[in-house]
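These are the structures, in structure tokens.
Next come two complexes, and both contain chain A; in the first it sits with chain B, in the second with chain C.
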Partner chain A sequence: MSLAAEAFVSQMAAAEPWPENATLYQPLKEDQILLSDCASSLAVQAYLRMCGLPVQVVCRANAEYMSPSGKIPFIHVGNQVVSELGPIVQFTKAKGHSLSDGLDDVQRAEMKAYMELVNNMLLTAELYIQWCDEATAAEISRPRYSSPYSWPLSRILSYQKQWEVRRKINAIGWGGKTLEQVYEDVSQCCQALSQRLGTQPYFFNKQPTELDALVFGHLFTILTTRLTNSELAERIKSYSNLLSFCRRIEQTYFEDKSS
Partner chain B sequence: MGTVHARSLDPLPMHGPELGVHADDMEAPETEHGPKQEVLENKDVVVQRVHIDGLGRTKEDFLTCEIAEVFRAGNLIDVMRRSHDARQKLLRLGIFRKVEVVIDTSRGEHALPNGLDVTFEVTELRRVTGSYNTMVGNNEGSMVRFEPQIWTCHCGISVSIMILLLRTGEGPDPHVLSLQVLGLKLPNVFGRAEKLTFQFSYGTKETSYGLSFFKPQPGRFERNVSVSLYKVTGQFPWSSLRETDRGVSAELSFPVWTTRHTVKWEGVWRELGCLARTASFAVRQESGHSLKSSLSHAMVVDTRNSSILPRRGGLLKIHQELAGYTGGDASFLKEDFELQLNKTLFWDSVLSASLWGGLLLPIGDKPTNIADRFYLGGPTSIRGFSMYSMGPQSEGDFLGGEAYWAGGLHLYTPLPFRPGRASFGDLFRTHFFLNAGNLCNLSYGEGPQAHLKKLAECIRWSYGLGLVLRLGNIARLELNYCIPMGVQSGDRICDGVQFGAGIRFL
Partner chain C sequence: MFQTTGCVYKVSSSVRLSSSWFVEGLPLVLADPAQAYAQFAGAPLKLRKISNPWRSPSGFLPALRTNGKETLSRPSDIIIHLRKQKYNADFDLSAKEGADSLAFISLMEEKLMPALVRKPTRLVRKTFPHTKHGSCFQIYAFWIEPKNYVDVTRCWYAAHMPFPLNFFLPGRMQRQQLEKLRLLRGDEGLEAGEDLEKELYRDAAECMNLLSQRLGSQKFFFGDSPSSLDAYVFGHLAPILKSKLPNGKLQQHLKSLDNLTNFCTNILLLYFPRDGQESSGPKGSSQPEGGDFDHVPHKRRKQFLSALVALGAMLSYAFMTGMVSIQHIQQEALEEPPDLQPLGSHEEEGDG
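Now for the complex of A and B:
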């Protein structure tokens, strides 16, 4: 978000308290949502629960197009619409709720660095596996993405999305990587996270921050989503402290979930 | 068009040198019955040969039906009249630039003493005609839609006319936009009056293009088939909505007695988006892609003498559209009608009454789409209100309604100082108008009585006077002073002076 837009959002947001009917929008859970979107959505849900802010999750087939930035998820609070974790954190901060207030500057910089790492590595790897690996794309991603639409629109939209993601992946230089290399990158990322986490309950002190929410969102989704092969999940399972971290957050914040 | 003057009143010799009579210069038989003219009328002639000179790529067999009537003529005046009719028929095919008629006595071996040869000398249109226009204006919202049958302007200028909804200078921040329109027309592509048209329009905010192919049935020009492919982008600031349509349509048009029917199948991929970040959530919810595949039927009865500022006659147009049974996401039944009656009163003034109405019924449990609903208000419908700014709305964005009706009563008079016929001032009219209408959503649990009651509540209406300028035979400009009444909360009005340009006015 640009500086001016951020200032505008903060000013608007600070005016009102968090309403009861705040809603989070994501694609249809059963048939449509893909791994990367599900991870991002879960991260935002975890963050809001950690802040103690109630939010209702609504599934819409056109959630991606409703979003002002085109990315999932987005929240509708009062008459504001904010999408993606970064801006949502800013937005809640303007309303007076924040998880990273207790951190000093060094820690905050470190937190931002690790969040960048997760976004650049884990998220990109998820996108790569979904759309650049032809087997996964043909069997899972394209059918799921286009499920709400009728033929021939379903074909057009799913191929359009695939080309768009592939173009982006090539632009950041991952176009030449093989699946094995991507798995390696994921392993390295998990190793870094595992080392940082160590034996602590959360990444920074005893309180969760937005980094915890982000890591939980991605790891939990990877562990619980069925892909064409379970290589990705296996790589994560080899880091036991990450597994217990996920389980801890699930039990603390999501135990009222029915599933 | 159609009034012709006799070149001379001398009797026309039946034998002798070549007689070139131009149908344009001939007057239809009048009452003067001098002895010499009586001779002509009573004299039997036989048309022995009718042929067409100057054909290049046009196939001769296609034209035989148009000129067949000439053979049946009994006397000379009849020959001239039928040739004139045949000339009109040839011109309406849209493949000839000029048609001239030459009537001569028969020559050759089998020539009868009272035989005639009729020759149509034609000049075909060029293979490709192009046009390039730049339109500049205060366009806050324009949607370009392709209607292939309204391509050529009757003035004879080969301007490709598109239906533009212009909203001029009413908003808070009007800015000048320009639209470059390139048109390419290939008349008579395969020799039987098929027409291929390509249009491309490029503007500061939108790009649209369309390709259309038209084929009449040989011998019956009124029955024709048209196929078109298009991509159209439009912006609707009154709803904070942006729409891109990519579609293909096939249309069959045929006359039945005095009515004209059109049956059309259309498949459109619609993409909706928010125009601004401040769009209301109701409009944001409609963003995304949808596919509409619909069958529609339209019936038109038009007895007016002109489509712009008619002096007499009436128009009835009934249109229905059924979507969803041939695929696609959208599923609805849409009905709308248009009725207009005109009558000339004393002193050259014309009284005109019109009524529009429509209904949109969703089929199934999905709600209707904002792109399918009706909109009302503006200089082309209920004057005094801002463009399409009436009815259900959410946070300032107008969402359209599922049922509407609108009526108008106009009195057109020539300009007060009467500049005289056939001058520029003749294109202007002053008009006094009264418009009324309503637009609302229906809840389909209730019966038709409740719906009628709902449409009768909260009627918006307006009255005023203004100036109308006629543009060719297609469009008109209006400058009105309006007083809106019955304004409901949420409607946006434009009281005072309002300018409007368009093709279809209430």
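Now for the complex of A and C:
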């Protein structure tokens, strides 16, 4: 989004309160959505719930093409459409809902840094495992990704997507990595998160922030998704405070609806 | 002053590290945390400057050659190697501080740092993270920003590459960098336009602000001694601070953050005393002194070589047109006793 458009959106956003009929779009939950998209979507949902903003989740097979940035998830609020966690956080802030107001400058810098850490390592690792590990790509990613489409199109789209992601992975220098190295990186990231969390309920003490939403989205999705092998989840399970962190957020913010 | 082109460090005849570390004026191929790290940890390395990346043992800069004939090229691998050899700058960090360094390095890689550093994988704490978006900014500042690219980066590379390469390599490198930037931003129709520039500058400036906030009034990021995070931050900010790009918005922003500027100058003075003098000239360390971009390494050698080539060309022309002929002289010199005629007359005979 260009700067001018962004400024315009935030101005517009400030004018209106959060409507009741806000919608979050994501791909089909049962058949189509992939690990990384599911994680990002869950992070946004967790964030909105932490803010206390109601949102209705809608599954669409073409969600990826509906999104303004081509990324999932995106929310439709009033007459605006915003995609991805970062811009959504900005957007809600413009409407007067923010989780990070209570932090001082140093903490805010640290929060941003940790969010980049998660995007940098967990999200990239998810993409790598989905599309660059041939077993996972053939067994799970390609069939699921193309499930709404019929034969010739499904193959074309899924291979196109795989090619695109691989190019990106190569550009950031992960192309030469082995699966084992990627798992090792995930471990490193989780170790850092676990050390930072320590025994606190949330990363910055009593109040949840967008960092908590992001970490929860990724860890919870990895823990509850079945892949070709469970190595990725096993790596996370060795950090007990991260597990109880996920459970805590799930109970606090998601329990009432599921029960 | 472009002197410091690339470097090799040598540890008491056992380890060598070549890196492209430009203290000033530099289209830095690689701002090099590994080198700063080695300095902080007190590893006895020796610097060797090279200007052609292909001459490095691994084809990349920097590179570290150990006595085991091993060549390490990624900054992170070099740091791990140094750690194994008991040169460690992170001994007194707590677990939480280690985690924080990891996070801030991610932040910089995402927002500021160049993907120039091919695969910044493992740094300290066994692993440091990985570029996801490689730093769009420095790619932009050095390669895409039209003014900077034409005035500085391209000239610099053209001047420092061997002859036939300098015509096409800079252009090819620029296209590669643009391609990379496109992939990283996930935007196919990327142009080197105003919007892109603003966006990248904004991200980079935000990253600097965050670093500055985190540093506060401390001397180093974690207490009184430098750690790998300091090496990382310094390795990437010092080149921005010291470079003389015509379009230096980012440099201006960095200069407005006093604590970060001081942080860089301090480290430069403390750990790179020679480079510091060399680069800062008469003390005013961060003042650009107007460009002498035409400085070329091995000037003497090049002058000598070009004189040699010119001489060769002249001589061969002389031979080809038959102005001079050695064979005739020798044959006639053999036929007739040398004493009989003065040398000059032989050449005249050769002409005919």
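Brief remarks follow.
Definition applied: the second predicted complex is superposed on the first by the 254 of 259 C-alpha atoms of A that agree within 3 Å, B and C clash if a C-alpha of one lies under 4 Å from a C-alpha of the other, contacts with A are read in each partner's own complex, and residues count from 1 in each chain.
Simple rule for what comes next: a contact is a pair of C-beta atoms (placed from the backbone, for glycine too) under 8 Å apart; a residue touches a chain by one contact, two chains touch by 3 or more.
All values reported here derive from a predicted model rather than from experimental measurement.
The superposed arrangement places chain B and chain C next to each other on chain A without a clash.
By the touch criterion stated above, A:81 is placed in contact with chain B alone, chain C being left untouched. More residues of chain A lie in touch with C than with the remaining chain of the pair chain B and chain C. Of the two partner chains placed around the shared chain by superposition, chain C is the only one that A:167 touches, whereas chain B remains out of contact.
Contacts of A:176 after superposition on the shared chain: chain C is touched, whereas chain B is not. On the chain A superposition, the C-alpha centres give an angle at chain A of 90° between chain B and chain C, rounded to a multiple of 10.
By the touch criterion defined above, A:198 lies against chain C but remains apart from chain B after alignment on the C-alpha atoms of chain A. Of the two partner chains, chain B is the only one touched by A:61; chain C is not. Once chain A of one complex is fitted onto chain A of the other, the partner contacts of A:157 are limited to chain B, with no touch recorded for chain C. The least CA distance from chain B to chain C in the superposed model is 12 Å. Those residues of chain B that touch chain A in the complex are listed here as 269, 272-274, 277, 281, 284-285, 287-291, 327-329, 395. Put simply, chain C touches chain A in their complex at residues 95-96, 98-100, 102-104, 106-107, 109-111, 115, 118-121, 125-134, 179-180, 183-184, 186, 195, 198-199, 202, 210-211, 213-214, 216. Interface of chain A with chain B (complex): residues 60-62, 64-66, 68, 76, 79, 81, 149-153, 156-157. Within the complex formed with chain C, the residues of chain A that make contact are 2-3, 69-71, 105-106, 108-110, 112-114, 116-117, 119-121, 123-124, 167-168, 171-174, 176-177, 181, 184-185, 188-189, 191-193, 195-196, 198.
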